[in-house]
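As structure tokens, the structure follows; a few thoughts come after it.
Which chain is which? They are A, B, C, D and E, in the order written, and residues in each are numbered from 1.
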């Protein structure tokens, strides 16, 4: 079992007590939801590491990637690395993980790998992947694929693996108290340069934000993740260290241009002009979110070339006296303050002359309706990129056959495909700018609202925690 | 006695499905067996055990016996209000086991019951007047023969009683309302199940007198159930003594009380209080 | 003798005492209801609109607050007092309708089971037991999770989770009343079973049903607020006290008043309603009533 | 004949929302040792109130306004005085109307008898408890005391239950026993037996018995003296013969007239 | 119905020395059997409802696969989960599973539901036991006090306190406790489990509702028992004070109280959602909530089934206890 949470730690060997917002579901990275990544990523490692700007770098398990022709990628695997159970972390293991990711029915990343036609490991350090069509950002995808030991995974199955994960990472599984906590301890024989300097980590969780605040206040935990603005403010006032990171998670209002009322471009424009993202960020989030006017600018800090800015007066004029009815769908309780944001959007539309009704539903149902094209009007939800590539949003939301498919347009499909066929990100960038302008500025199908800011609080004296915009946390250098 | 019946009976016999032979019995019970099943324990208890009896038109018959001897069960079965059991029951010649539900509903008003607890016999949510009105809607032809006020007069109640609710009536008043309700139906049989044991002695005498009078004027037969031999003797002609579900002795009151044949009857007579007082009379 | 006679037969004075207590309990509830329904008509309430420039203002009685927003504002800058009043309206409405939808079928089934006994009773009793065996909160959550939250679904949940208790109480009350001899008397007069059930037994249950219904109002309000707390209650822009409370839950440490007042209002209202229901129940309890 | 119970000018009233209600109005009554005094009267005349006043079991809203109850010369009840706690179960025993409900349904007869004995007889041994329990049941003319001792009340017939209840009242050998309508729930045949039992108890033990009933006939069979109550007052009292043969009050006459004649 | 928390006083049937009965000697046995059959029928219906609820909780494939999945992927998953088979086949499989103790596998945790429920059970048990103990320790004396002084201010105060417990939204009460004792005063931990101190606030919150119920029922039941003639009779025999109250009245009043305690335990076992949510208590309630949010229908179903089973078992327990306490029922 893990160590007792709630007992204060003093000097000496230090175990980090980390508080999450929800119980991690399965710790199997193949089928598990990404929310549990924070736990399994302490034991498992992605195939390719990323740098601070989310670009792939060669410090990880894969040391190089080259595009031998338009549809063939060759990867070099770092030699002489083993899983903590002794299995070899070689090219065969990498190929196995990729195959699992592509073929497992419940694989979370399955849809990203549909383009992969062949995976081979010709020798112990080489992996060759063939794709159907050209795809310049394939290496980026591997930054979110975590390497699993082939024999152990096959032996234990998904559930067995999740019960005691094995990886190559800086920590190894220490055990769990069902429903209560999960612990990892440091891996003394970790291959990498950043060996853990603490003894391990104990993860616990609390669904309620007030709880997470209370627990850090009472020093029951060393780090408390996912504090909404209100709690973050309180924590700061109470003298607790709060770290805020702008994430790649984007909240967007999707306008369905195929159905009334937004099949009328004038009304789409009116809606886009009516919404004031700055007021939302300031009023609802107390400044703890980042207004974002672009769709395809994935990396934090990046701005689009062209955007739409608020103009309520013009919006009103465009709507006229018709009072068109609009439904606003949003996933209840899924993201911080999403109810208020949706109501603020609705409020702005009403001021412009729309008649608004709200449809709060749970996330799963919303996705189902969006996918089934059953959301006339507006759907508000987040784009949560697993990897920082613009194609994530282009393929996800802009193409006619995307998730939302709210803006079918032959030119968009064509441009998206063309972007992928470029040699690298730099070459693709202008095409994505063009796409963004079409979708956001010309057709007003998308009203990007803001990027989420992720807050976490650390207890007195706790330092060395590194949080990445894609929900990755590095605990190895955390001390007390 | 049959003469009295004819004269006293208002409205004649036209309302009956078939005209009745005047000498025919109002109620005939033949070899009746009634069992109660306890819902909780599932135990079966034989409350009435092979009982036969007959009540002619205008007769007054008593059933006496100790508590739990099956008197009420017998009466309820005989009027088709309780579990009917095995054996034949004929009310005005109609066998209760063979008549349909609808016909049974038509037949039931012929037998009216006056219970021991007068307050429990009245719907607490209904004033006397609306109670009577309901009876009139249920049996319009049968009840049209008399006005409310006249009816109350016959049971010696003031018309002001009409607006009252049961809880505003004393026990004696309530019992008289019950008798009035029974009377309104012009029954051929009145069953009185311990009609006076909840009442004070002074009131008891009034009620008994009233029942007697109604029998005399309307010619209805009376089946009186009681454990009080003195009451029975003052009201009835014929008595059946029940013991553990069986009728152990029957006959005219005079005979039975003067020369009891069965041990149990003797015991009952001996247990009657007031020996000291009677001896001084 | 006459005074004793009166006491023995008359409407007992204790009953009148209980009547007055019913009145004094019903009065504040009526006042709350009137306030909540009439205040919006007076035009005195602060405007209800959003104001993203003035979010999270403290109430007037606290430092930094202003009396133009007596209870402060929420995350969208909407006036909390206005919301509080309007939420109260919906809360009371949900309580009433929620009670009716549970009481209706519950009473009917309980009445039939208690009166007809036999297989009717057995079937209904098994249903009641089955319903009671199901953990109601999970049932509610599962239904709402699928059907989405809306008022009709909420009422469905309230009906499903409330009928069994009502049916059980009605059933045992019916069983007491059906043993009263006036039922036999009516049968002797040729009344049909249905007439006896609906014209006589039902009115006699009236008090019990009213009392049950009153208690059910409280239960419905509590269930609604619990569901809203879990994010499955009423749909915005509508608000109930429960949903206001839920909205204030993550601001608890910074702005306690957002959650405090609706929670407090729910407690007080439900307490009053329960006290009233209790008083009514003792008033109408057939076992406690003087005959 | 020495006076055992002496009730003098006892007035009792109940506090109601509508005001004071007089339940007893200057009641005088006397019971001597070895004497059975019947209290009769119709429903609501105050018989039970009188009986309960003597043992101090009046309800909360009922108070003694004037008069006194003396037991063997000591005042036990008077306005503001209630010393009945000491005499209950020792000097006075009481038998209630409904025996099936005056026994605790969850306790065996043995336990209930033992409880009373242990409460009132200091340092009584287990063997003595058993002996006296059997003894008292035998005194009640119960043929198999052992079985009855091991029974729960619901396993006994009504007559047996009432006899057990009487046994519980006399097991501590009180000098006065009060019986309130203690035969009303019984069959006439059983009633006769119980009444006979009382007669022998009084004769054997020399106790005083206050016998409350609404049945004038029953009282006349059993009692030495009769008090007739009406509207909270004792309207007539005297020897049985006097009351029956020469009723002084209208009310008594009416009562007698209402009795169905047996000829 | 023996489980009715509404006390229904039953008059014992008059005993007969020699009843002319074609008696059924094994009455108690028959009654137990009938009762068992009725409970079994209820259970079967409850199980069917649980099955329907499971199907009701929606299509899990979007939640599992995420928005990017294609229709074919979803279909494949539905096939793998057996959701594409006829409903009746699924139903009988499910029943078979229930009776062989197999409640299926969770979609979100990839583990057998039974083992997950068993993992969480100790925590919920802990909470329920502590909460119930508290509820009894406060509720019973409060109810007895109110009953002994029926109609006085004591009664009114005690009854109102009890009713307050039934009127306050439990989660709100919990939140206020957290704000007061954990955040502002810092006396107690705000949530999670581990030390006894962690148990205090959740148990207190948990106890409020059953405490109120117990107190109210105790009052009703005790006031009824205290009005029984045998209480006066015991007093008339010189038995005094406490002994009358506890030995005579309380023992007779106990059955409904016991019933409500046992049944409340059953309800809390599966229904402690709000309390566990407020305090992040790792019990069954949390699990249920998670299952519902994730559309993990096998888990939802399993928890509901578990709750129903517990409830039925506790019902039987009540019957057994009843027959032990009350000789009339034997």
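Here is the rule we go by: contacts are C-beta pairs under 8 Å (C-beta built on N, C-alpha and C of every residue); 3 or more make two chains touch, one makes a residue touch a chain.
By chain, UniProt protein names: B, D = ABC transporter ATP-binding protein; C, E = ABC transporter permease.
Predicted model, so just to flag it, every value in this text is computed and none were measured.
*Asks:* Moving only between chains that touch, what is the shortest number of steps from chain C (ABC transporter permease) to chain E (ABC transporter permease)?
*Replies:* Step count on the best path from chain C (ABC transporter permease) to chain E (ABC transporter permease): 1.
*Asks:* Can you figure out the chain closest to the middle, judged by Cα centres?
*Replies:* Per-chain C-alpha centroids ranked by distance to the global centroid put E first.
*Asks:* Whole-Å distance, chain C (ABC transporter permease) centre to chain D centre, using C-alpha means?
*Replies:* About 50 Å, centre to centre.
*Asks:* Can you check how far apart chain A and chain B are, centre to centre, with Cα atoms defining each centre and the answer in Å?
*Replies:* Once rounded, the distance between the two centres reads 87 Å.
*Asks:* Let me have the rounded angstrom distance from the C-alpha centre of chain B over to the C-alpha centre of chain E (ABC transporter permease), please.
*Replies:* Roughly 51 Å, centre to centre.
*Asks:* Which chain D residues touch at least two other chains?
*Replies:* 43, 158
*Asks:* Tell me, which residues of chain B touch at least two other chains?
*Replies:* Where chain B meets two or more other chains at a single residue, that happens at 67, 171.
*Asks:* Would you give the residues of chain E (ABC transporter permease) that are in contact with at least 2 other chains, written as numbers and ranges?
*Replies:* Only 13-14, 16, 58, 175, 178, 183, 277, 289, 293, 295 qualify.
*Asks:* What residues of chain E (ABC transporter permease) sit close enough to touch chain D in their complex?
*Replies:* Against chain D, the touching part of chain E (ABC transporter permease) is residues 12-17, 151, 228-230, 232-240, 243, 247-248, 251-252, 325-328.
*Asks:* Could you list, by residue number, the parts of chain C (ABC transporter permease) that touch chain B in their complex?
*Replies:* Touch list, chain C (ABC transporter permease) to chain B: 5, 8-11, 180-182, 184-192, 199-200, 203-204, 206, 290-291.
*Asks:* Which positions of chain D touch chain E (ABC transporter permease) when the two form their complex?
*Replies:* Contacts found on chain D: 55, 57, 60, 85, 88-90, 92-94, 96-98, 100-107, 115-116, 119-120, 152-158, 165, 168-169, 172.
*Asks:* Note which residues of chain C (ABC transporter permease) are touching chain E (ABC transporter permease) in the complex, please.
*Replies:* Its residues touching chain E (ABC transporter permease) are 122, 125-127, 129-139, 141-143, 145-147, 168-169, 172, 218, 222, 225-226, 229-230, 242, 245, 249, 252-253, 256, 259-260, 263, 266-268, 270-271, 273-275, 278, 287.
*Asks:* Mind pulling up the chain A residues that touch chain E (ABC transporter permease) in the complex?
*Replies:* Touch list, chain A to chain E (ABC transporter permease): 4-7, 22-23, 25-26, 28, 31, 33, 105-106, 108, 110-112, 114, 158-159, 162-163, 177-180, 204-208, 210-211, 213-215, 217-218, 220, 362-365, 367-368, 370-371, 396, 403.
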